[in-house]
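These notes concern the structure reproduced below.
Labels run A, B and C following the written order; every chain starts at residue 1.
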Amino acid sequence: MHVVAPLDSNTVDNADKPAVRDLRRVDIHPDHWYPLAWSREVKRGKAHGVRFAGDPIVLVRTESGNVFALEDRCAHRQVPLHGGVVDGEAIRCCYHGWTYDCTGKCIDVPYLGRERLPNGVRAYPCRESKGLIFVFAGDAKLAETVPLPPLGSVADKAYKTRRFGREVACHYSFMHENLMDMNHQFLHRKQMGKMRARSLGRRRGENWVEVDYTFSREAGQQPIGEALVFGQSRPDSNIERNDVMTVRTQYPYQTLQIRTSEGSLVMDLWICYVPLDREQRTNRTFGLLSIKRPKIGALLDIAWPLLVWFTERIFAEDRWIVEREQEAHDAQGADWNHEVFPVINELRDLLRQCGAPATRRVIPIEPSAESVAV
Amino acid sequence: MHVVAPLDSNTVDNADKPAVRDLRRVDIHPDHWYPLAWSREVKRGKAHGVRFAGDPIVLVRTESGNVFALEDRCAHRQVPLHGGVVDGEAIRCCYHGWTYDCTGKCIDVPYLGRERLPNGVRAYPCRESKGLIFVFAGDAKLAETVPLPPLGSVADKAYKTRRFGREVACHYSFMHENLMDMNHQFLHRKQMGKMRARSLGRRRGENWVEVDYTFSREAGQQPIGEALVFGQSRPDSNIERNDVMTVRTQYPYQTLQIRTSEGSLVMDLWICYVPLDREQRTNRTFGLLSIKRPKIGALLDIAWPLLVWFTERIFAEDRWIVEREQEAHDAQGADWNHEVFPVINELRDLLRQCGAPATRRVIPIEPSAESVAV
Amino acid sequence: MHVVAPLDSNTVDNADKPAVRDLRRVDIHPDHWYPLAWSREVKRGKAHGVRFAGDPIVLVRTESGNVFALEDRCAHRQVPLHGGVVDGEAIRCCYHGWTYDCTGKCIDVPYLGRERLPNGVRAYPCRESKGLIFVFAGDAKLAETVPLPPLGSVADKAYKTRRFGREVACHYSFMHENLMDMNHQFLHRKQMGKMRARSLGRRRGENWVEVDYTFSREAGQQPIGEALVFGQSRPDSNIERNDVMTVRTQYPYQTLQIRTSEGSLVMDLWICYVPLDREQRTNRTFGLLSIKRPKIGALLDIAWPLLVWFTERIFAEDRWIVEREQEAHDAQGADWNHEVFPVINELRDLLRQCGAPATRRVIPIEPSAESVAV
């Protein structure tokens, strides 16, 4: 009685295929560069604690301004290093003063001779780019082979960029599905008026899927906030029937771009959802929203607070609904989604395929001999 | 050392009987009409989310003023329908606009043709009576055969009724036992003075048990609040030695009535305890307290705020103690009650017998093929 | 990669020894006198609820001023007796008025004849000494054979004593290790300046371990707060190089004493960590800090608020760090500590050896016949 059979034939959900994994239990694949903080959050000479999928990580900006990333636990008593003191190019634990360099090596214990120093802690590959601090969360040996993601139009002076994001209490997959299914415009009816999305078709590659949309307004006036986001380059006009929005998941990142019929890129969004807890039921969203400056560039600056307000409202509505989806999954204990939209089923398949293998990562328990038994 | 053997021989707790179920783990029987909201909580053109034993239910009052009840999850992505929009006589999900009528049938998906509409959601039998919205929580086929409960003297103009209630963090059985055992007057000694209850005997039927009491004051003056509740029809007098209080559990409801020696019904309470969570360790109480108007009816209206204050105080004390009982059960993991009062053991037996069968309801997990495996 | 092999050979952590218990899961041994409240918390004619390792205990001060301790549950409906009423030398449950004397015997049920009284509740041996109420939490038959602990210099008029303490969310063993390892002065660098501790060696007996330290200041001035604590008897001087601090765990208590080179005891701390929850992951700390009065005793009184402020700051830092240790243990699921300081390994060994046996105490479930089954 509760069950809706998927009506849409598609490549994913055939009844004769073997049972597939619950998408909401698929861990994100760690062998990518993930943004873990904004650059401004890690001040010179300070340490800052973050998390990736339950692993505590400390980001340290040394006195010379470099940033490095270590496991956020002192090897001695497992307390967080982010409570410690930056000492030149090293971090000193706040408790007994054990000190680690950027490789995680223990280089000082105040009450032990140098020849007796213990081992250190895990170090993570770490890079800083365009105001974000990225960490390679998986196998460090692969870090050199995996490029940092391109970050949209952030570096292009023809665009103005808003950086936004916050914690959202849901699995990252709900975020991808939310953005890619533009039929959810109904959720934003108070902000956007009555818009109808029309899918122009989808494309898929090995680690990406994308879909194009056009929009038509069914009723009402275009709100001014939306005009700023979508239509700033063409004052006095609505989002055009011929404008094309492309939403793309290039694992593990997502982009949303709007191009005019002449091919001009008027809006360029890059976004990433970083799991925080081990169960990956919360994420921190890092978004870069770039808007093409109009001929008179100052107009955009003047209108910026309104754009901020508008995008915050939209994001708050999205956050509310995806957190309700996670709650439903928690209560039902399984994924009861009955998706009828082909591109979303394509996306779900991609996220399963690119995610971490099904065997859950085991926390390596290697305590000292004294604590093996309970 | 902890154990108190029941001293009172009664039909329930014989040592040679087979072990019985832990009453605090007996689910309420769903095949009854339960009040899930006050009428005023469900405004015209609005949806309102409630719960019954862990099941989310949305109450919808359509634009014509009718009320219907559905499972509070959209068939599509399982988000709560109570966040949606009432559209004529239907409810539209806030996320992608899927729309359901009063039978739970899906009648519109904005981006799908009518011929391809998916199945809908579960509908619950729903009726409105005397300011309460009732839902039949169990097997819908039985709803027509089970009458709505009579609601005491609510509809009688000779009485003035106070509607009250709130959430209480305990199993519903603690509520029944609390009200039926009038020896707990000691709990209300600050409000009621030193009263002694005397049981006149009990009666039992198939799905009910009741007990009569008289009261005597051992010390102190009658508080004015109590006079209002018990003695308003006879100003300047205490609750009389010959007044009889009858407390009755007629499964799953409870009533408390006070009659004078001449047979006049001076107070009439109807009350129901609706489990909220799946474990049934919280309930929402709905109470209707009807007081017979005195000759000069305005006296009762003038005194009403005092009566409200008095009953709130009593109810707060009862809530505090039953929540402590639930806490003890949670900590002890079993029912350590050592009841010595025969009518309470009779009541406990009735609640077990009328409750849901011992096999806990299983949540039917029928996800789509894609999410069978973990 | 995470593992630091203990570098310090010691008697505890040899690889060829059998696996030992996780110290953070060793329950404190109940066969001792534990302080459960300050005397001032239990007022005449009042009852006060406390906990020991998950067991609720009510402390009752009768109208004559005596204190007794019972299991904090009425035998009838298991509600807390601390909500009840002291009646002469007995405690009356607030719900139905069942009444217990200082031995736990039920001496009255208002609605039952005296000849039919049920059994009572468990009583705990209880003694009051120097402003603390002690309870013997284990086998009551042993209480007479175990002495109350001596409480340092509390009763000596040459000293002024500060009583302090609060709840700390960690296993008691973290508290012992924190105080005994004076290399953690680094944690208090803001309060204490740059101090270096030097261990002079350790001693061990059957149920105790102790260590001596001297201190040297590496940089900065002595803060005034520290002067008050450590150097009040010698105004205008720092803690002397020849002063000796002795930290001792005499199971289950701990002391810290500072003596001058002439042998004068200038500071005398007695402290006990009482587990609150059944898992023993929180404790309530009871501390008695006695400072020797200087020649002009009023100086100490005048400076007392500063000393209070100083010790609160130190204690707050210690609390923060030990709670982080507990969090790490909770997240890692085992004891990953890699201790390099011999006396701490000695202490850990002692706490394991003196703790409760490994089989966790089982809560005796002896419900009435009616509630055996689920």
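Operating definition for what follows: contacts are C-beta pairs under 8 Å (C-beta built on N, C-alpha and C of every residue); 3 or more make two chains touch, one makes a residue touch a chain.
Not measured: the values here are computed from a predicted model.
S.K.: Over half of interface residue numbers shared between chain A and chain C means same, under half means different, so which is it?
M.R.: different
S.K.: With a Cα-based fit, what is the angle in degrees between chain B and its identical partner chain C, given to the nearest 5?
M.R.: 120
S.K.: On a C-alpha centroid basis, what's the spacing between chain A and chain C, in Å?
M.R.: The answer is 46 Å.
S.K.: When you check chain A against every other chain, which residues touch at least two of them?
M.R.: none
S.K.: Using the touch definition from the top, list the residues of chain A that touch chain C in their complex.
M.R.: Residue list for chain A touching chain C: 54, 56, 71, 73, 75-80, 83, 92, 94-97, 106, 109-112, 116, 118-122, 363-374.
S.K.: Quick one: in the complex, what on chain C touches chain A?
M.R.: So the residues of chain C touching chain A come out as 1-7, 12-15, 17, 19-23, 25, 181, 183-184, 186-187, 196-197, 320-321, 324-325, 328-329, 331-341, 348.
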